[in-house]
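Quick one: the structure is below, questions incoming.
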């Protein structure tokens, strides 16, 4: 885990019973990369949310297709790219939502992407209706040139 | 995990520091498949041995290439296929070795493949000098038509 | 695999659900069922004790959101207690402390029904 | 990551290595170094206590094989004790109980040097 970028690739059936296995894998890798417990929890949860979305929305719970997880580690960050072969959605539409208003209406759902954004340092959503979705999220080990101590930001 | 075959695919840098991550993943999957603690340990160890061989022999500890792990689950067995892009070896030569004689000489090494054979129900080695190596190993959940109770055989 | 468990107990007029383990999109239906059962028996004063919960994802929070309107319309509530710091942070990130009573002690959550 | 640790202690004329955690191809060099150090200081009566070892692969057994000849030539030995059942089975599968003294109690392993 020194300088060079290391890539880990996981392809796994898109079923909710695999979420725990995914979390176990990701949290172990985050730990090996040197993240503290706090960041490990955030990374684990963000990946869980992205994968749960694939299962629920892209594959509509049918579990016949796979979730593709690409994890890239270098000395200063961990990037996780979750890709599906699903139905896609209008990203702009989702990002426009105001969380406060939303909660005020007490609707179900709509929490996952908001959480991912809050938990990770960089998040890029790539999707269009009818196409596959890619969620690319990064957590930095080093912030402003120095190793992060504990919990520099909460989102 | 009912009837249909499920496939899990993992590609991971061939470095010893990843062995623990591999074991964690495999043992979790074996647990999800319904193996008892005893069999989980055997599967975990057999996979560790196959991957350690890839790192030591195929990649000679350089850690620049990846280990490819394919895990197939159905209702009655777990099959793990470990593939490398390495240098290969003469399988017949290895299989001929007599363990007792070997230990009598107190040489280092030569234990891994023997262990894999003892721990798993079915093992197939595919390799030739100069080519990639594939170790294919299966553990049965069901033996002779019924679910295995505890530890039916030790090799 | 029992990675998540709900158990049920009563204190004064209040029903207490103790949840344990990992609450994610896979296990959320089990919490959903437990709450649905309470509603089916006209029980609307509910406290959820998070003491033994190790993990929660938005699927778990979604379950709460799914019932809260109905429960409040019946004069009841879901109150939450004994969350560890990590779990509280997830609720906090999503603004839940504004919508739900979250107390440290179970006693206090139960008390809130009796005022 | 400290997934494996060796610590050292003395009892009568015998050096005891306590090993802890996961002994695999990654961590085996650390056991190798510990034994090499003993040999470098002409210590050949060695007991390895496996009480806190959770896992072993052939790389760990390979370390023992690598030293045993040299150590025995110097009139010493490596004796093994307090293995849990899983770990003992690995030794057993590979025929090690024929080559090494493996005892349940540490005391007995130490005793074997004093006979």
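Should a chain be cited, it is by its letter among A, B, C and D, assigned in written order, with residues numbered from 1 in that chain.
Following the convention adopted for this analysis, contacts are C-beta pairs under 8 Å (C-beta built on N, C-alpha and C of every residue); 3 or more make two chains touch, one makes a residue touch a chain.
Predicted, not measured: the structure shown is a model, and the values here were computed from it.
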| item | value |
| --- | --- |
| Chains contacting each of chain A and chain D, listed by label | B |
| Whole-Å separation of chain centres (CA-atom averages), chain B against chain C | 44 |
| Averaged-CA centre spacing for the pair chain C and chain A, given as whole angstrom | 25 |
| Separation of chain A from chain B, taking each centre as the mean of its C-alpha atoms, in whole Å | 31 |
| Chain B, residues touching no fewer than two other chains | 17, 20, 32 |
| Residues of chain D whose C-beta touches two or more other chains | 1 |
| Every chain pair meeting the contact rule | A-B, A-C, B-D |
| Contact footprint of chain B on chain D as seen in their complex | 1, 3, 22, 24-26, 55, 57-59, 61-62, 65-66, 68-69, 86, 89-90, 93-96, 98-99 |
| Contacting residues of chain B [partner chain D, same complex] | 16-17, 19-20, 23, 38, 41, 44-45, 48-49, 52, 55-56, 99-100, 103, 106-109, 111-112, 114-115, 118-119, 154-155 |
| Chain A residues within the chain B interface of the complex | 1, 6-13, 17, 20-21, 24-25, 28-29, 32, 66 |
